[in-house]
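Should a chain be cited, it is by its letter among A, B, C and D, assigned in written order, with residues numbered from 1 in that chain.
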Amino acid sequence: MLKALAFNCSLKSSSADDTSSTEKLLSQLISELRRFDVETEIIRAVDHDIKPGTDHDMGDGDAWPALRAKLMESDLVVMATPIWLGQPSSVAKRVLERIDAFIEDLDEKNRMMTFGKVGLVAVVGNEDGAHHVAAEIYQAMNDLGFSLAPTSVTYWVGEAMTGKEYNEFREPPEKVALASAMAAANAAHLAKLLKANPFPGYVK
Amino acid sequence: MLKALAFNCSLKSSSADDTSSTEKLLSQLISELRRFDVETEIIRAVDHDIKPGTDHDMGDGDAWPALRAKLMESDLVVMATPIWLGQPSSVAKRVLERIDAFIEDLDEKNRMMTFGKVGLVAVVGNEDGAHHVAAEIYQAMNDLGFSLAPTSVTYWVGEAMTGKEYNEFREPPEKVALASAMAAANAAHLAKLLKANPFPGYVK
Amino acid sequence: MLKALAFNCSLKSSSADDTSSTEKLLSQLISELRRFDVETEIIRAVDHDIKPGTDHDMGDGDAWPALRAKLMESDLVVMATPIWLGQPSSVAKRVLERIDAFIEDLDEKNRMMTFGKVGLVAVVGNEDGAHHVAAEIYQAMNDLGFSLAPTSVTYWVGEAMTGKEYNEFREPPEKVALASAMAAANAAHLAKLLKANPFPGYVK
Amino acid sequence: MLKALAFNCSLKSSSADDTSSTEKLLSQLISELRRFDVETEIIRAVDHDIKPGTDHDMGDGDAWPALRAKLMESDLVVMATPIWLGQPSSVAKRVLERIDAFIEDLDEKNRMMTFGKVGLVAVVGNEDGAHHVAAEIYQAMNDLGFSLAPTSVTYWVGEAMTGKEYNEFREPPEKVALASAMAAANAAHLAKLLKANPFPGYVK
């Protein structure tokens, strides 16, 4: 059985907002993952006091060490973010900065502790920005040791300057539903393979 | 009187394509510039044999030196590009790479020959990518000595994965028309100011 | 007299860190601005409780409204950020998200309240990322109504994977010092021009 | 036995330049791939007349169909590019635009013809830009159906504004050599797994 941990990186806390567009798309992706026998958990990042910094524990009530423990046990990690100014949210950036501490923890074969984990991305905005947000997150996750299956993003954005919201859809548009299903199927396949066949690492 | 030079960086040559979405949005921006007494010229970049490289003249039939001469006489330079894979076209990149040769031609006050020129951007795609394309072009143009007035981009992209084209619109959507008008008004204002008041440069 | 407000978007608070590389480069840029009779103030963003969100005031002890008031009185706004994962810090993103609320406050001529203000950028990292960070911030600031003079960034990054820090330099490298001087000279020139000659805006 | 196809996306043709920094880093990555029993071929893209466009064959002497045939037979595809203006070269963009035609060729299980292929990136510049270039290429390749193993990029950039070239190194710096070895080891492992265990695709 695989485990997936998803960070919803909305700027809005769950108490302020029960109709998050990001949550809506993320839930659809999560449902697709469950079809592949994946156990899932969603973290609303802004509900947790994730301190700025790039150590594993920034002290002083830092919520990251507990989240980090969950992340360590996961086979798939989903970054879900709204788009602001065409870019990932500050909350998504904070989560990635904290994962950054993994970059220096190498085993004797130069492997990060994240090797074998698979990344996934969900992006929602009124308009424009999904590909760039995916690019930013792919590069950060790949630098941090995650693998990526083909088409690892599901996304929705509206027509330029029209202001529509994803949570206005009762059902996901057909192509968005397909993107979510495909992203989940690919990532689950890859995560299973990598769990059974770890990266061998490298020693000079 | 100001002069504007616009590069339409479509992948399609003008002979192959008389219904370019990029051309359509660019024409609207150009019309707005004319209202400010700006003389304008559009170059369909792909119709010209712009060689790869970063010198002023790459020889062997290189079309760039003639285009460079036009650019030198212009007060405003418009980069218009379609979006492919969420990014600027290879043709837009080629034009920017050739402008790159200006970066090393400094006068005695450390000014590039482009100082005082103002940049503008027009971006069109089926879906998604306008802000990132603008970011890439802003940074390249700014590094290359261009100034930017507020909201220097006009753009249109459709809803995610729906495949609509900008050339299907008879009239530009109201907000797109406003973005074009505003970008033109701001850039023309700035170009006039800078023409009358050149950057002083700097000497240690 | 012009006013400049600078946001140091380091992940480290000022109490934790008196040898910030970001602070060091920013101070050099600020010194250059002062030569042009610019009054300056530096805000260490992470010392202030800037809440997530995109309203002018997110309530509940939000530090942004006070900072926003300072920003409104400034002619130049400097965004200074370290590079993490090749990207701007989460703290820089937070500040930009909060400035985002200006985007909907238009006057009767469709002008944002930021029109006439000039942006500047300072970026520091161990290695790699300055141009992309500048691109992200340029696009965000330009969307938010700021103007950009030529070469609006000063930056330093070390050779790939070598881990040098900017605060190890006693004096800025000559070319970095020139970049800071030029960025300051250009931005101050532009800010003076725009203060005396506001953008006229546009009405249909 | 695996096959790797590498595109060297230098702006300089092979006749003009036998000391390409891009070629140097790419060769090191290719040597590492060979240690894993991978058959390799390097294409100097600018030596081939790759027409602008997004169809499989743009006619009129287009060199892409022959390159596309090679790509179809490859298990690994390496994109190697110099950095210009902090961004991938126009030549790299051209290659990616032509691969873009795969995006619409889906089999009955909604799989692109690239599914199962693994991407790799090599980036070289005087200074700054490797992470962003990797981000652009990762996102493009992932959208186009490629998978990515952890740390799929090897790169070198010099200290900001110092002008050093990678081809000045006799031997790769130790950390760059490790990055190349690790990228090759990870990608070869993933390519073998995916060749033996294809993505199952998805049907509603």
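In this section, a contact is a pair of C-beta atoms (placed from the backbone, for glycine too) under 8 Å apart; a residue touches a chain by one contact, two chains touch by 3 or more.
Since we're looking at a predicted model, the values are computed, not measured.
Considering every other chain in turn, the ones in contact with both chain B and chain C prove to be A, D.
With A-D and B-D as the two chain pairs, more C-beta contacts join A-D. Chain C and chain D have Cα centroids separated by 35 Å. If you average the Cα atoms of chain A and of chain D, the two centres end up 25 Å apart. With centres defined as mean CA coordinates, chain D is found 29 Å away from chain B. Residue positions 85-87, 131-132, 134-136, 139, 143 of chain C are each in touch with at least two other chains.
Those residues of chain A that touch chain B in the complex are listed here as 85-87, 127-132, 134-135, 155-162, 164, 173, 175-176, 179.
Contact residues on chain B toward chain C in their complex (touch as defined above): 110, 112, 114-115, 131-132, 134-136, 138-139, 142-143, 145-153, 178, 181-182, 185-186, 189-190, 193-194, 197, 199-202, 204. Against chain A, the residues of chain C that register as touching in their complex are 11-12, 46, 52-54, 84-91, 93-94, 96-97, 100, 136, 139-140, 143-144.
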